[in-house]
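Below, chain A partners chain B and then partners chain C, in two separate complexes.
This part shows the complex of A and B:
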């Protein structure tokens, strides 16, 4: 029986390759990329629970259904302007079901020295920078990974940003990925490539929104290259549909004296898997890979991260906080590698879980692999509830139980949110936290 | 104002652990009381039970506030009536500023008591005024509640909260412990400023030290879950000189253990 199941899992992504044909013929470069991706998908087995990295979650929800390619569907797009960030009103690229929408995009506030555009168009123009950077980082950080190969096999559009040497981009770039409601299950992929050249600075907000409650499979891949002395701030907000499957890869290179700061907020999707992998490329770098997960109902959120310290003098930080209620399930596996001769590494990692319900589940596994001797790595994981004494303290000040619980959950979540430098993103996340808290209190009362 | 009658309390999770074994205490408006006693005598439990902590269960007796039992009220409902507890170990709430917590608390209480709520600006004026009382800077308002505060700052923050919320009946649970003499004077001064004819303060303390600065009308000694002796300020001085042993003997002669 096990064998039959294995067979089914192995062929799932390969079946979807049949949709590839409709994409070809617009760019020779992308045609070749996709051919290569498809070849990889045929050769890499689909992950099963037998693999250490996949043992805590089931991908059954993903492979039990069939999907159509999102860009083959006819869609009506409702007004999505409520999702625009005011800071980025002239710095937004919007993708609807994976395809660029010029109508919903604007780049008028972005300095013209910056090369920013959708990959489909840049590929048609045979852009050299795109060809130089595309796939370089994800192929290095993800080997034998069927999902990034699948993303490659369907690579037809996405964002390419190149910030030239010495330039600071003041406006945050809003990369808005909208998934529409539909009667048919669909799959969609996107690629974002952000290259910050020497001494440049850029802020990117990667924003995934599902407009309905429909099922779809969303597979975004993000590549970041922070060159010498550059500073890249990357916030990812995942608010996909409650029935969606979201499997994401982020590959970052951080060079000499550069700083890569990322904050990933997980609120949507039935099943989500984030895999940020940060690769230190030279001495003296800093990076941050913080996360906040708010899940309820039957949501599953899995974060598998890799912080790869390959050279001396690195400060890295990972605070991954999760609030779990209902029957939700949170998984965290944070790998910290410190390679031989990578001395003077100062790495902080902590996974803190606030488990608010009896049926919620947490699997957490911080993981250190250190091959150098002069390093400071602190790591830890905690799973706790709201403390009775904390609630009592706030209630003795006159707050009712709901207000007190909200305040404590908010306080727990805020530590991640408050570092995000785009005000409107902070505000919308604070609203998300409030809505989440209200929902969980309502649902708790009905249990 | 407050009448505690034959109060018996055990730990909710372990009813065999009886902490209060028949406490009687009456507190009137305008009074300052001090409750002293050795570790584990039940002083802190008494203050938490009055404030409504759910970890304790009242098995016998009653607590009347202005003539009505408050045993069925939640902690927040008791706060709305004007009961306040300054915590021995104040809780840290990172991410929530002192100002936001206290404004929400103030307005919730004001609404329940039918008083006027304050908008953010009005509230800030009110809070700033009270800061002077405990000699704290204005940035204190913007700091996260107790997060990263020193022990002394946490205790001063409790008195500050009391000043902002203007309770009728305040239990101060070892607010004097862990303070250096300057901080102790500030805290004592705050208590003196805040106590008036229409409110009452109960100091729960180990030491006579704070009573050099705050003059109690009544001093009670709590031993093994009961008030073993009540008196005036001289009782505190005698305790300082002679310790609790002379009272322990009294209890074992007259108490239940006989």
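This part shows the complex of A and C:
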């Protein structure tokens, strides 16, 4: 019995490769990429709990079921305009179940100099920029990673953005990934590649929404390259269906004098795993990898981040906050690497957890690995509840207990949201936080 | 001299305990198998149940694989090439009743180490158990301790004289098959100390054990067991040294502490095994399992360690806080230099209500060494009101060393509070400048800063040993530290 299970686990992704065939024939370049991806999937073992990086979560929920390729399914697409960001009215690419939807996309507000489009289409046109950048970053930052290889094996539709030298894109680019309700379990892999050339500036909002309560497997890979003196702001909002499995990879290169800011908000999915890996490519860079996780019910959220400091003079910042209620389980493992001779690094990492229920569980492991002596690296982790004193203070000012709690949770979460520069995204997240706190106020809170 | 050079010269002190004592050993074959274990047991004249304990552990050990998760690199020991039991030849084959029976060479060794065993020279207020390779040579102040009801002797004697106590507690905190090296130890353990403090007793003096590995062929596998009954208190210290050999030697000890209601155990370690030369040749592999169990309510176990020696240190003194309101503490200074590697830290397991733990860990790495802190704080679902506070600071001296921090926090109780913070930095130029401006020379300035960095831990050591620890840090961070 045990062996049978193990077998299923091992070949789970390989079995799904059978769906690959329907994708081929449009672009030789992508055909080869997929072939290579499939080859890697066959050679890299599926992670098990025995691996240090996977010991806190079980992927059983993922591999116990079978899935179909999302783009093979017929879907009725309901009205999704409520999910459009007002700032990005003319700067949005939409993907429905992984397939590009021209109907729901618009690029009219984006300056002409910017190259933005669907990867599949650019590949058919044999675009040189695409060929130069695609896979370069993820292959470097994720070695021997079966999930990014699987994403490669199904690479077709996706976003490619190239901002040329010296250009500032004022409108935030909205990358909207909508997963529809369906009777069959499906899997979808999306790829987004954002390249900001020298002295350019761009804001990207990566938005995953599940419309139903159905089960699907979402495996997005994002690649970012911030060239010299560029500034890339990346916000990711994950609101997948409550039954979905979301396994994401983000690979970023940050060059000389560049700044990469990323904010990841996790609210949806039954099981989610985020892996931002930031690689410093030259001296004097800045980056931020903040996160907010709001989970309840039986949700599991796992964040494994890597901040790889390879050269001198870097300022990096990571504030990862989690609010956990119900039977939810939050995992955090943040690695700060400082390579030999990467002097004058100023790195900050903090993971704060608000554990509000008896059955909730928190695993946190901030991690420093340092091989240079002239550095200031700090990390901190806390797990706690709301301060009784603070509650008392607010209640003595006339708030009832519910209001006081809501206000404190809201304030806790807000710290990670307030740096996001897109107003409507901020508003949306503020609402999300409100709904979250309201929701769980009805449930058991008093401990 | 540049500031870095000054720092590096300070950490380059020589090992002062690297001499060898030339004594005659009884023959004992190398390797490990059932016959060897039976032979160890026979030579120690052990009762049947101890032999069974050993054999069961050996069975488990055979099934196990050496773990490879720690952040250290070494050539796995050849378990067939180790002599698991090493005892010196004695006049009439018996343990020394008085000092006159002890080999004068060994006495001299201990004197050289700064632990005179002769009566007139004995350190006042400290009872010493001297362990030389696999056996306990002599225990001082036994009678005085007996007056207070405290039993302090080697574990072999305890097995003979107090079998009922040993039987009850041996393996109750660190089970036979707990981990690879604990299982090995359980199979072949030699002498360590045994302490039993009865109810309502404050042990009248500090207890200490000095471990010395002398034989090049052997490893040391001591086993220590400390039991503190209700409402009693004991403070215990171990010190360790070994000669300079080109070969790596294995030290795989197990230490078990049991604190019953309102009891308190303070366990301090000054570990200065030979650490190998600057090329990483030789040195002790220090793979130790230490665990304390706060069984009763309001009990307390406190670990303090100053780790300066060993080629590889791999140990996590832990506390299981089962009794309500019990307290666990861990204070550690780990210094690594040259090619040393240390992966050390603690585990604090909160089971009882309102349990509290504190972790203060200071790592100093120099030369080409690697120093890792690895810790676990686990709050079980029923540990209401549990609190943990951890600080792990690392200091780097030079550009070729590494400092790593792997803290694991697992909390399953919403009323618990866990706080962890860590930092990595070096001796700041501004700090040195400030002290120099106040009239200190560079060496003194650096030594003051390093001592200040480790102070929180050093002050936890018992008075009698604080001086010694200071000296030890001084030797390790040679120069004018002290």
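One rule holds for everything that comes next: the second predicted complex is superposed on the first by the 439 of 447 C-alpha atoms of A that agree within 3 Å, B and C clash if a C-alpha of one lies under 4 Å from a C-alpha of the other, contacts with A are read in each partner's own complex, and residues count from 1 in each chain.
Keep in mind that, in the parts below, a contact is a pair of C-beta atoms (placed from the backbone, for glycine too) under 8 Å apart; a residue touches a chain by one contact, two chains touch by 3 or more.
Everything numeric in this text was worked out from a predicted model, so none of it was measured.
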Partner chain(s) touched by A:411 [first = chain B, second = chain C, both, neither]:
first
Once the structures are superposed on A, label A:364 by its partner contacts, choosing first (chain B), second (chain C), both or neither.
second
Where does A:43 make contact in the superposed view: on chain B (first), on chain C (second), on both, or on neither?
neither
After lining up the shared chain so the two structures overlap, which partner does A:401 touch, if you call chain B first and chain C second: first, second, both or neither?
first
Give one of first, second, both or neither to describe whether A:66 is in contact with chain B, with chain C, with both, or with none.
neither
Which partner, chain B or chain C, touches more chain A residues:
C
Have a look at where A:392 lands relative to chain B and chain C in the superposition and call it first, second, both or neither.
first
In the complex, the residues of chain A that touch chain C are 52, 340-341, 343, 353, 355-385, 447
Residue positions on chain B within touch of chain A in the complex are 48, 51-55, 74-76, 78-80, 84-85, 87, 89-91, 93-96, 101-102, 104-106, 108-109, 112, 144, 161, 165
Can you name the residues of chain C that touch chain A in the complex?
69, 379, 381, 394, 396-426
Counting only contacts in the complex, chain A reaches chain B at residues 387-390, 392-401, 403-404, 407-408, 410-415, 418
